[in-house]
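Input: structures, listed below.
Each of the next two complexes has chain A plus one more chain, namely chain B in the first and chain C in the second.
Moving on, here comes the complex of A and B:
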């Protein structure tokens, strides 16, 4: 079953390439994957072995193509991937004649992401992510908007650099554990000497950090998302970027001591994400770059949970991982929804310059409603998934707070990070006002409301946000 | 049947075909290409019937000639490479014709001479005496002098020929000089005896190392390692493309086969292993750096492949610097790492040259810009090219990844077990691999992002198409399931 989850998108991509109707095949594959993913996730609690497969591909060192739902984090990420994929195949405006490229590459990105989250072998975990990057670059470069070539080249260079640093870190990690198998089970049972941990931790933070757009390695993200076709922006910002966070949390036990050395650095950088990039976001004049920057900014909160995890060290922080994973899920769904909606705005009005927009709500009330909802979610309004995530992150920051010792660095960072919520409220509400309210701009004269078909993916994502927001236990029970 | 019959058969076949070409009827000579291809394939089949030299008592060549699993591997490698080069030459015959006599009547040698080079490479795989090593290398090099300059009405080809001749002669001189030093000190040219005598030569360590360094330099010419890499860009760019491929794959692999056999006694003795390791790791780091960084600025795809071949030589040298003798349970030996790397290198580099020739036959150019918009002109070819280039860059889930993976893995385990200087070479290697992504992806970028000047279709001949599809499939399949390659590289 898990094998099917990875290979259905690949098979569909090949089928599209071989000539089957592109859009239909992609939608069918997306929906089958959604159903399979929901079944797998819901039966995981009772049967954690569900669908596990292992094929040995190399004997020295022992590498296996091995899929399983390793723990609750994998389940949540799988859910995120299939939900966003099902929405992404519906979204965006494919230029006529390029359907093959558009849909097959979209499916390949999702296949890479799902493969990475399901692999319980370090090699394939890394490799599937790389597999997803190539179609990302190709789609941004060929079918993107505006200055697509520069943006695509920038993301290529940054992510290739991040991947190489990461690869160095992983190779070092594997050789330091002195095990001959690359499965997570064997690796995580091993231990690494303290001196090596420090270096490995630094490489992992830079490598994964670049892929997650950790400040100051973040400048590829906003231009790339702004130029990317909607499905690519949704899948990369929503799903693929979580690969780095997933990897950091997964490998953290091996380098928990080494990470201590970098705690303060990490805290400074994540505040860079929240505050610095937050102010950058305030200053954006376009809806798409605003969303791109906001996605970079929100990564800071997930890093805050990771910092709380690091600071807790041996004592453990039972809140940090659920907080991080919940926020990863919530952010993934909400940013995908926002990119899908921004794409609709552009389709209706032909522009994303905030200056040229205004009064769209009267022409397209449904679009305005959903955008408002997604924006509220992104700010962290209670009742929507991001609220559960952010509140948990802030709680995890104070989880090990000891009044006798006063505020530690994580607590101070948490207090500063709270201001980020204000910043996001400002830019999100301002963007909503400039786009949907006020006098009708000339660009919205011919705008129409969302059609029923367009509503389907948006409804799906909104449903996910509401479900987790109103009943966070849906996710938290997986993470116990 | 003793193994050296194979080399003899190849040389005889070459001589007979040369006679046919000289005295046969004057018409298109492509049939000679098919004949020599058939001969190479027949000899490849015969390779599996020869007996190992240990069980062959009839052998007068025992002192010079070894036939073990190592030799068998590199002989097979040379034969397959030669077969592919002859096929590529047939695809390239339009250009050969244009720059020689203008007809296809006079260009028969072009398909025949590779046989002699192949015989030389097979000898290199087996040579275990400094004298036979020298003779084998010369047989290869002299054949290449002719082949590189074969397109006599093309200035680039002639220039390449002269450069290759001068630097080749220089490296021959260095090799002989090195052999003389080693012989003078050890009193023998047999590698096995040298290995026995090194431990008792502590008094003459300096001259021994000097001789060794000279030989490393000469081998460096064959494999394209710094500081003997200077000829590569010009010669690769100027030579006929099939010959460039031959140099890049066959000649380099044979060079590594010799290097492995030649260095083993010196790595085995504590007197020489330290300095040899230091020398190789410096060369490896510099070769990786020069190859990869110079490749960044290239505008010509063939020249880019030249620098890429320097870079790959650097990675292989890194594996050799992290010397790991045969017989370990957990880790791969250097032999296996190098063999594994070379198999993947053979597939992707030969495929890259077939890809280049296919595009060149239509566009008439070898620049990266001539790949502009290939995704629109021939989507299948662009997809295959993407797979080949991704594999060359070492992208995971392509076969090319595992070669680099093993190199780095063996280097890291050697570095953490007592050779900390290797960390530097590893760092250089990672920088080089990252640069590799940049320059290989530039071509992918040209294929997909840029618009073609001329939107007409690019036709692919049936042979090229079949080979390219097989190669691309192999790169992807082995990317998911590399075990067969490991079995092949570790064959005992």
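Moving on, here comes the complex of A and C:
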């Protein structure tokens, strides 16, 4: 079953090149994957071995193409991937005649992401992510909007740099563990001497960090998402970017001591994401770059949970990982929804310049409703998934707080990070106000409401936000 | 299943159905929502009559042993508060039926009212701080949606945004406070905090200071929601919403949530009563250091006084009432800060009835005068709409604390607390506010209902229909009788009977304040066609709300926007240009090298990059 989850999108992409109708094939593959993913996740609760497969590729060192639902985090990431993929194949406005390129590459991005989250072998974990990046670059460079070439170059260079640093870190990590197999089981059972940990931790933070758009390695993200076709922005910001966080959390036990050295650095950087990028976001004049920056900003909150985990040291912080994973899921779904909706705004009005928009809610009330809902989700309104994640992150920041000793660095970081909740409300409500409220601008005169077909992917993502928002235990029960 | 759950389910269901399914059948949505609020009122009354504390909860988010719970705790305070919320809510729904009859988005309006009822119920029945916080945000959302009901209007859209953002600033502090309390007491549930408070003994100085800081952080939430200085600026603007909304949310219930929450918090520390040992009372209360109490009381009285001054020079009927609400909320906050929780809750309870009445009355006036809100364009409405005028007058008397009205009893208790627990520094401003209250309210009454019609709209005004005046009459009854022990003893949350002493300084100053205010208002405004007091420097300062809004606008421009611009600039130059520019230049050099070697286009590079990376991994892994 897990094998099918990875290879259905790949097979569909091949079928599209071979001439099968592009959009239909992609939609069918997306829906099958969604169903399979939901089944896999729900069966995992009773049978954690569900669908595991291993094909040995190399014996010295031991490398295997091996898929399994390694733990609850993999399950949640799988769910995120299949949900966003199913919505992404419906979204965006493919230029006529480019369907093959558009849909096959979209499927390949998802295949890469799902492959990475299901691999329990370090080699394939890395390789699948690389596989997903290539179609991302291609789609931005060829079918993107506005200055797509520059954006494509920027993201390629940045992520290549990130991947190289990461690779160096992973190689050092593997050599330091002195094990002969690259499976997570073997690796995580090993230990790394303290001196090496410090260096490995730094490389992992920079490598993964660049992929996650950790400040100050973030400036590729906003222009790339703004130029990317909607499905690419949805899949990259929503799913693929979580690869770095997933990797950091997965490998954390091996370098937990080494990470201690970088705690303060990490805190400064994550506050850079939240506060610095938050102010950058405030200054955006376009809806798409605003959303792109906001996505960068919100990564800071996941890093905050990781910082809480690092700071806890031997004491442990049982809230941090569930908090981080819940927020990863929530952020992925909400940002995908926002990019899908921003695309609809552009389709209806022909512009994403906030100055040129206004009063769209009168013409397109359903679009306004869902955009408002997604916006509220992203600024952490209770009842929607992001709040469930954020509140757990903030709690994890205070889980090891000892009032008799006063605030530690993580508590101070949490308090500063809370100000970001105000900042994100400002830019999101400002954008909503400018786009949907007030008198009708000339750009919206001929705008139409969402059609029923357009509603399908939006409804799916909204449902996911509501489910986890209303009852976070749905996700948390996977993360025990 | 406990019937109390219906208090949550009915309104949220009618909100969802009304908004999503009935947005074409407006009238049905309106009736559905009204039926749901009537049902919740009946349930609340039955809970009050049963007089039994009930409690239930489920785990909403669990990580290991840590649980965030959603549930209810229907104790006496919550049951009384539910009567206020569902009672005023019900009357506002009924009043809205004719008031919003012709509105194109009636379904959305009623759905949002239901959403508000749901959220407010959550705050009242909550048994822990995290749940309070969640519903706290949700009332903020419903308030945002309802203020911005006519979102096509720039001013309404801006006011909605301002309300939400100002509250967010308060909630920033509130969340920090909750996290700190969690750290200090090891629990976020009210029972857990009370348990900690009764067993902790004496605290170290650092712990005491931390607890005080946490208290003030939590109070930030109340500053936002109950519109206390310096976050009061959103409430007057919130009058952009439909008037029944102002009555329910921005006068009677939501804005009182801050006081309710603070009282909830402080009663956690009054462990003596709960355990039947009154002497333990003071020890627990003194856990919270006096600087926290004093700060709260000072913010309350300053808000009260400033808002009362601002109210004297407003010309918009709803704005006058809005500043009056600010001022009365300031009273309640001051009483909380002076450790007079009972007095504060009592005033909250009586104020809800007569302030809702004043707003609905103003709604009737505005409705009759074709959406005219300037009091100087009204006049002589007593003859045109007698029921509205008389009910409004009675509500004014109650607000002014005229003897034997509901407001009289609660204001007595506020004055008592100010005098006995605060001393002259609090008592004198409290009496001054009482004078100003009578003055600006009778200014309103004289200008609107007496004299001659000053506009065509006022000339053509006539009495509103029964669906509008019945709620007015019902509220008038409450504005008169709600304060008597027989009624209040049953319904008022945390009611504590205090016999009125007719010889006391509180009583004499209360009567004195009423007479002085009334005489001044009569002299300056009875049968006058213009405001003799306007035009001077002082009146300008009052009318412009001490220029606080302008100051904030400037502050936001200078700090937030300027910082954002500067940061944006540096983001481009420093991080985009120098820091990473070097990197991308070298990488671009790499790229150029590859381009010369290979196909040169992006796809080629990307493919090469992928293949190369794979190759490198293969090779390096082999070496090890």
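One rule holds for everything that comes next: the second predicted complex is superposed on the first by the 480 of 480 C-alpha atoms of A that agree within 3 Å, B and C clash if a C-alpha of one lies under 4 Å from a C-alpha of the other, contacts with A are read in each partner's own complex, and residues count from 1 in each chain.
The rule is short, and it goes like this: a residue touches a chain if its C-beta (ideal position, glycine included) is under 8 Å from a C-beta of that chain, and two chains touch if they have at least 3 such contacts.
Owing to the predicted nature of the structure, the values given are computational and were not obtained by experimental measurement.
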item	value
First, second, both or neither for A:437, with chain B first and chain C second	second
Contacts of A:171 with chain B and chain C, given as first, second, both or neither	both
Dominant contact partner of chain A by residue count, chain C or chain B	C
Touching partner for A:149 - first (chain B), second (chain C), both, neither	both
First, second, both or neither for A:282, with chain B first and chain C second	second
Touching partner for A:59 - first (chain B), second (chain C), both, neither	first
First, second, both or neither for A:209, with chain B first and chain C second	neither
Which superposed partner A:457 touches (first chain B, second chain C, both, neither)	neither
Partner chain(s) touched by A:128 [first = chain B, second = chain C, both, neither]	first
Touching partner for A:161 - first (chain B), second (chain C), both, neither	both
Intersection of the chain A residues that touch chain B with those that touch chain C	58, 61, 123, 126-127, 130-131, 134, 137-138, 141-142, 149, 152-153, 156-157, 160-161, 164, 167, 171, 174-175
In the complex, chain B residues that touch chain A	330-332, 375, 386, 390, 395-397, 401-402, 405, 408-409, 412-413, 416, 426, 430, 433-434, 437-438, 441, 444-445, 448-449, 480-483, 486
Partner chain C, residues of chain A touching it in the complex	58, 61, 63, 123, 126-127, 130-131, 133-134, 137-138, 141-142, 149, 152-154, 156-158, 160-161, 163-164, 167, 171, 174-175, 182, 216-219, 276-277, 279-280, 282-283, 318-319, 322-323, 359, 361-362, 376, 381-383, 387-388, 391-392, 394-395, 397-398, 401-404, 406, 411, 414-415, 418-419, 421-422, 425-426, 429-430, 433, 436-440, 471-473, 476-477, 479-480
Residue numbers on chain C that touch chain A, as the complex places them	59-64, 66, 68, 130, 133-135, 137-138, 141, 148, 151-154, 157-158, 161, 164-165, 168-169, 171-172, 175-176, 179-180, 182-184, 204, 206-207, 210, 560-561, 563-565, 567-568, 571, 575-576, 579-580, 583-584, 587-588, 591, 602-603, 605-607, 609-610, 613-614, 616-617, 620-621, 624
Chain A to chain B touching residues, read off their complex	56-61, 65, 101, 123, 126-128, 130-131, 134, 137-138, 141-142, 148-149, 152-153, 156-157, 160-161, 164-165, 167-168, 171-172, 174-176, 180
